[in-house]
Amino acid sequence: MALVPYVEEEDATGVVREVYDDIKRTRGLARVPAFWRAIAHRPEYLRSEWTKLRTILETGTLDRRTKEMIAVAVSATNNCDYCLRSHTDALRALGTTDAEIVELMSVVDFFNGSNAVSSGLRIEYEPPVLAEPDAQPDPA
Amino acid sequence: MALVPYVEEEDATGVVREVYDDIKRTRGLARVPAFWRAIAHRPEYLRSEWTKLRTILETGTLDRRTKEMIAVAVSATNNCDYCLRSHTDALRALGTTDAEIVELMSVVDFFNGSNAVSSGLRIEYEPPVLAEPDAQPDPA
Amino acid sequence: MALVPYVEEEDATGVVREVYDDIKRTRGLARVPAFWRAIAHRPEYLRSEWTKLRTILETGTLDRRTKEMIAVAVSATNNCDYCLRSHTDALRALGTTDAEIVELMSVVDFFNGSNAVSSGLRIEYEPPVLAEPDAQPDPA
Amino acid sequence: MALVPYVEEEDATGVVREVYDDIKRTRGLARVPAFWRAIAHRPEYLRSEWTKLRTILETGTLDRRTKEMIAVAVSATNNCDYCLRSHTDALRALGTTDAEIVELMSVVDFFNGSNAVSSGLRIEYEPPVLAEPDAQPDPA
Amino acid sequence: MALVPYVEEEDATGVVREVYDDIKRTRGLARVPAFWRAIAHRPEYLRSEWTKLRTILETGTLDRRTKEMIAVAVSATNNCDYCLRSHTDALRALGTTDAEIVELMSVVDFFNGSNAVSSGLRIEYEPPVLAEPDAQPDPA
Amino acid sequence: MALVPYVEEEDATGVVREVYDDIKRTRGLARVPAFWRAIAHRPEYLRSEWTKLRTILETGTLDRRTKEMIAVAVSATNNCDYCLRSHTDALRALGTTDAEIVELMSVVDFFNGSNAVSSGLRIEYEPPVLAEPDAQPDPA
């Protein structure tokens, strides 16, 4: 059980009601996900958080699948159970396979590991020195 | 200065020499990046780390730009200076703009924040309930 | 089940007995919380940890509720189940409402998110430049 | 230098101009802090982030100083240089002393440490058992 | 249930089969641990990860028990359930007692706490100044 | 510059004086390290923190070098500059070589990476099934 009770849909009024309706309409859902019902004890925060998410997912040039992959990469690094389940479900709805989810995790694996070594040894970055200066650099 | 001296290219022999040459050839670089020179005090580890990176970046179906974005997302979450500089340079070499780097960070921002709330309130995930069960779900 | 058995109260002797009694007396508890029973395999560590906690909670000018909120903020950032349950119980015992717990989490949300962006873009801090230099600054 | 150039005030138009003006007016600043100038490459994100911060800081029952302490606690746990400098400046502007900043850090210290042990040993939380069931519980 | 199905041993072919056999032979196991069965959806990644682990555990001068303790220290800091269970089992198989596991956690506790304070206050390191310059330094 | 001024030795009185003297005597130092001078604004916290460190380092069965390696592993995972510099200096004073520091980091690398995958895919631990039940298990 969560550490606060949820604000259930039948009890939602005012700003909460308005945001809940927008969540369901925008996402094609019959039920507001638990994350939003948990934070609805603070209606203005609920509204600004939902507005921020819509802004982030609906504007810009990165496609939705890339954004969901970034969500999963961050959530794996932070070990967030809810977020991992939610955003791998979202990735699957976008057609992502088991092999692609593991491929995503292999990248998350490598960089969590190499981050710890780079920071752990206090290695200083030097811009790449290209063999052929007009070529495209590929630093790592 | 890093916490260990680097194994410089002129001192590289055996496995280290071989890996250094492969790094420069594969990446089109005139100089081995500092990360690899720092870990070369353990030649077998250097080789397995480089092999793993090549495997992760060169196989699979996710494109290189998506993988570099995941690298930056993980490195921002872990606050790794070397890795952030290295992989935003890589993204720029692939044509990524300032606006796209900030767009990437906006996704990293949202999910680092919502991860902490989801975990902090111990919210339990429930699979999405679709308004129209045959439609594509869009959970969050 | 925890990864070590607990040192149960009926088996406590010497330093462990003494610390257990102090925990129960100070906290008004009939039973020593699991955290202390788990670490009691190292009696001197148990004592120094308990002494440190008493020092931190019982001295200084910050009130107990603020300290419990900081405990919850840190535990949400680290995703610690035991600590989140323990310290939201403590906050509730001090009269904190559901809306206040979500308000606390909204602050934790914002700063976990903005930390990742600030670090991720390597933004450098500049001291605030006030419109009216004699006014109270309000940097963010 | 940050990983993206800043959108300077003289180049701000439209939504960015509007948010910059609100930041300066609300905070009494002559200059927009670097965080906002860095993320302004995505104007809609800038607006939703600023709206969220105003909502979080300006509504609710927790006082501003408690919110700034939570900001510092989160930033210390995440090791965010910009955020630590910014929010300890904010705390000082609110009258916080060196001793209180160290007191805050002592709480951050204890719970980062005990989080790792609680999670590390997979200790399971049990609700507190009070010596006098009608008394106020004080779990830890 | 994990977020991907496992590649079970009866379905393993080619590279996966080869790595599974090496895992069982090297470790004296009748069954491949779940970690490897989960990542086997990407056979080349499975191979490079297993090769890296063998390299890290089987070469060098640090003994196996020290390496398992480092594994547990990292896993406690990251709050990884699978890894904590796996590597405390490994430590017990090497003869480690409950008191030693708590001793290990006490070190993990202290440094997670003091890391947050050192970073949180931006304390700058100064090399130790010895009372007797020819003596062995002992900084902290 | 740190976010609080240091309590310098010439200004230390009472509890702070006493702890400073014990630090210098125990460690063979001519100067109190910056960490302790920063937290001395809260004398009782200084004392309990120092007592805890002495307890952790001076009691038990793990040797000092193993404890310093755990300190470095935790500090690399948390990216703590002060702590990394301090404890690699300590390791060097105990005779640790560059190759051993990189060996330590290779273990930190592997487990930071595999932690993220194990947590990211919500892999569930199963106790090892030994090929020869009487043999020593070696799970991973």
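For reference, chains read A, B, C, D, E and F in written order, and residue numbers begin at 1 within each chain.
Methods note: a residue touches a chain if its C-beta (ideal position, glycine included) is under 8 Å from a C-beta of that chain, and two chains touch if they have at least 3 such contacts.
Remember, it's a predicted structure, so these values are computed and weren't measured experimentally.
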* Structure fact -> Hop count on the shortest chain-contact route linking chain D and chain F comes to 1
* Most widely separated chain from chain C, with each centre as the mean of CA atoms -> B
* Roughly how far is chain B from chain E, going centre to centre by Cα mean, in whole Å? -> 20
* **chain E and chain F, separation of their C-alpha mean positions in angstrom** => 16
* Averaged over CA atoms, how far is the centre of chain A from the centre of chain C? Could you give it in whole Å? => 27
* **Interface hub residues of chain F, defined as touching at least two other chains** => 3-4, 38-39, 42, 45, 49, 52, 55-56, 60, 74-75, 77-81, 84-85, 99, 101-103, 105-106, 108-110, 112, 114-117, 119-122
* To do: Could you classify the connectivity of these chains, where an edge means two chains touch, as line, ring, star, complete or other?
  => complete
* Asked: chain F touches which residues of chain E in the complex?
  -> 1-4, 24, 26-31, 33-35, 38-39, 49, 52-53, 55-56, 60-62, 66-67, 69-71, 73-75, 77-83, 85-87, 89-90, 93-94, 99-100, 103-104, 106-112, 114-132, 135-140
* Footprint of chain F on chain A - complex, ascending -> 72, 75-77, 79, 81, 84-85, 101-102, 105-106, 108-110, 112-117, 119-122
* Asked: What residues on chain C touch chain A, complex-wise?
  -> 79, 84-85, 88, 98-99, 101-103, 105-106, 109, 116
* To do: Quick one: which bits of chain B touch chain F in the complex? Just the residue numbers, please.
  => 3-5, 38-39, 41-42, 45, 49, 74, 78-80
* **Interfacial residue positions of chain A with respect to chain D in the complex** => 42, 44-45, 47-49, 51-52, 55-56, 59-60
